[in-house]
Amino acid sequence: MALDKYGIAKRIAQEVKDGYYVNLGIGIPTLVANYIPSDIQVMLQSENGLLGMGPFPTKDKVDPDMINAGKQTVTTIDGAALFNSAESFAMIRSGKIDLTILGAMEVSEQGDIANWKIPGKMVKGMGGAMDLVASARNIIVAMQHTSKDGQSKLLKTCSLPITGLHCVKKIFSDLGVFDVLPEGGFKLLERAPGVSVEDIIQATEGMLIVEGTIPEMKI
Amino acid sequence: MINKTVTNVEEAIHDIHDGATIMFGGFGLCGIPENCIAALQKRGTKNLTCISNNAGVDGFGLGLLLATRQIKKMISSYVGENHEFEKQLLSGELEVELLPQGTLAERIRAGGAGIPAFYTPAGYGTEVAEGKEVRVFDGKPHLLEHWLRADFSIVKAWKGDTAGNLIFKGTARNFNPMMATAGKITIAEVEELVPAGTLDPNHIHTPGIFVSRIFQGEQYEKRIENLTTL
Amino acid sequence: MALDKYGIAKRIAQEVKDGYYVNLGIGIPTLVANYIPSDIQVMLQSENGLLGMGPFPTKDKVDPDMINAGKQTVTTIDGAALFNSAESFAMIRSGKIDLTILGAMEVSEQGDIANWKIPGKMVKGMGGAMDLVASARNIIVAMQHTSKDGQSKLLKTCSLPITGLHCVKKIFSDLGVFDVLPEGGFKLLERAPGVSVEDIIQATEGMLIVEGTIPEMKI
Amino acid sequence: MINKTVTNVEEAIHDIHDGATIMFGGFGLCGIPENCIAALQKRGTKNLTCISNNAGVDGFGLGLLLATRQIKKMISSYVGENHEFEKQLLSGELEVELLPQGTLAERIRAGGAGIPAFYTPAGYGTEVAEGKEVRVFDGKPHLLEHWLRADFSIVKAWKGDTAGNLIFKGTARNFNPMMATAGKITIAEVEELVPAGTLDPNHIHTPGIFVSRIFQGEQYEKRIENLTTL
């Protein structure tokens, strides 16, 4: 059975290593924070000006002056630092973030990502995503494998306006885990529990590479 | 001591004219100059070009000036929270320039730092790159981006002193310090205005030289956009 | 009689107006601070990261972490702010300094200034002077009119490596006060006490403009 | 908590190799990393390219490494205080690149901000402009300047915590915060090292993400270059 968004977040949490500085995008990526193992030390960066983001506050600790990039009320952990938006993106552009987790509407087999605009329909804006994908060393995407009407979102080429070229390193969808190869193509690494390789082939428009036995993911 | 104090919000914004370009500090509803926005709505100043990371929400923040059609053009990075905005944009009533958030922050910082242009990798290969010079550094393509400056910058700080020095709190800092440097006239509203000499010079985020006028806001609602608790 | 360096500093102090942000260079400019009238409010900027520089400390208040751009121990006044070197020059380049007072080895009748290097002999470096002269709106120079061997330092063109082009607005020498005209030329405004127009003509190599009666300066 | 603490200065500088490019914080003798400089002299690391606003004085600061001929090249803005420096420079033993102080600060800031190049008016028409691209913005000529980065940045702060966060004091801040951002490896020595969580996040000048190693210096002489009193 395909994963729900919590399942995707849980699987991605395994990618977070001890000592990492991590930027979490809006949506599923934000949920990842809830599943990071408690025995590793991680600093979450929020591009609105906070390094060392903690959990949501208890009701009595809510502070309207302390939010994350998704405009949710948050707290700080010991060792946190606050800074302005220019300093925040200085950090991002200079490659200090070890892992960046973003949502996406589409990803191409070349690692292009689209996540900010549907012409004529929806304009949210790119926020910090274009800066992140242009500079971060290690970008992984959390997304649904297909749209609500069943169209694949892992494509040969993106149909929507793109956010960045050749930047996505890994995809975690509700169906599986995929490396985006430097030479192009989605290499299947893991299947979601109960999802078959056949299901994934069906749901993937871009070039899918399946080598040997594909293990079921452990979450 | 050089004294930047004005008596109230009306005096602070008295010369903001129709057609002005204005920077507004804040990220979402956090750290926005509530008092100045409300006074601008009351004053009815029109055809504004607003530079702000977001566009408020329906009924608060810059959403107030959108509702009254006082804004001609928005320069922002993310506007996903505002239905009125999306409506005016899709109908063509509102001009919009969307920029990567880091590019927006850096262009404003450049405006206040006397750097007319710089290169950044953000946006290469996207719509944002259209018409912009591309240059390769260390094998990586970058876009030439120009500074942003404004007729007026309106920022909101936690504490300020009569010399115009500002201290921000938490993530309400965001775009405020850069914007304070990039306005021909910079207006600061603060939660608490104290005499010069009260604030520790080592803790000041925005030196007073960048601030033209300062006043204590009458009231802060500090509306929360997404209240999330454990 | 020609002014000594204190006299030059005293005369320049009259140029400082209420509400000004002022940057003082090393040497005679630093002395200006001592003569600013006490009834006006001025903020002195030191490019090493201080706005609101106060007088030298008393012996018991000396702090090695509080110096000016000339590496002298200083104090802060109420309303002072501290910042890093990048922020300091952001302030300077964006034109926020109302008055900049610099020393010079030579100034040309076009307003070019040379004050950082004597080839083969002396290399101090330009420090912040090149940034200041390239960006500040209002640059005045404090200098000796002639070198020790009597050579004029107000020249047709600078002989030394220049610090900046077309930037000096006014010169205060030991002999007089001069506007540097936008079209070129030193326009004599005031004579030092006891110095004749003839003395000044003798000591000035560059184009000197003398119109009408030249008053003696009041200091 | 991510912990950046190392036990002592030897561990902090253990991998600085001959030929390394190193940024040193400080303005004059104010805010210089005394302990690391002394340890580098002891270690005898050679052929260094040093990026530092000044070059110390005879017998203190970078003057120590000049005396032992450990420095191959200096990139600075003002070196007027050091006779050994002037001697080595005029004799051709020492390579020197002199830059306008604001350009030096901004190039280092750009290195830490991922901005490969920018335009500044400083130095146009002077020796500094030789070989550099000139471009006119708003009628005013500017020079293209590239970022500066280093193999190691060595900075000195007043207080630091185990997560690498730094707070500077007075004018000892100067070049330290920018340099902290521009080193492949950044070493911070501090007067007082405290546990993470002790410093107010709102007062931090350098976020810990930029700092690779931190330790408390054994002793600070803080020599004064020009003692001036009333």
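Going in written order, the chains are labelled A, B, C and D, and every chain counts its residues from 1.
Here, a contact is a pair of C-beta atoms (placed from the backbone, for glycine too) under 8 Å apart; a residue touches a chain by one contact, two chains touch by 3 or more.
All values reported here derive from a predicted model rather than from experimental measurement.
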Query - Common touching chains of chain C and chain B - result: D
Query raised in the report: With chain centres defined as C-alpha means, what is the inter-centre distance between chain C and chain D in Å?
Result: 28
Report summary line: chain A to chain C, mean C-alpha position gap in Å, rounds to 56
Query raised in the report: If you average the CA atoms of chain B and of chain D, how far apart do the two points sit, in angstrom?
Result: 33
Report summary line: Multi-partner residues in chain B (2 or more other chains touched) are 106, 109, 113-115, 120-121, 168-170, 202
Report summary line: Among chain A residues, those touching two or more other chains are 50, 82-83, 86, 89, 92-93, 135
Query raised in the report: Among line, ring, star, complete and other, which best matches the way these chains touch?
Result: other
Query - Listing of all chain pairs that touch each other, if any do - result: A-B, A-D, B-C, B-D, C-D
Query - Of chain B, residues touching chain A in the complex - result: 27-31, 53, 76-81, 86, 89-90, 96, 98-106, 108-109, 120-128, 158, 168-178, 205, 222-230
Query raised in the report: Of all residues in chain B, which touch chain C in the complex?
Result: 1-3, 109, 111-115, 161-163, 165, 181-182, 195-197, 201-202, 204, 207-210
Report summary line: Listed in rising order, the residues of chain A that touch chain D in the complex are 19, 21, 41-43, 45, 50-52, 76-83, 86-87, 89-96, 135
Report task. Note which residues of chain A are touching chain B in the complex, please. Result -> 46-50, 55-59, 62-74, 82-86, 88-89, 92-93, 116-117, 120-131, 134-135, 161-165
Query raised in the report: Which of the residues in chain B end up touching chain D in this complex?
Result: 106, 110, 113-121, 135, 137-138, 142, 146, 167-170, 202-203
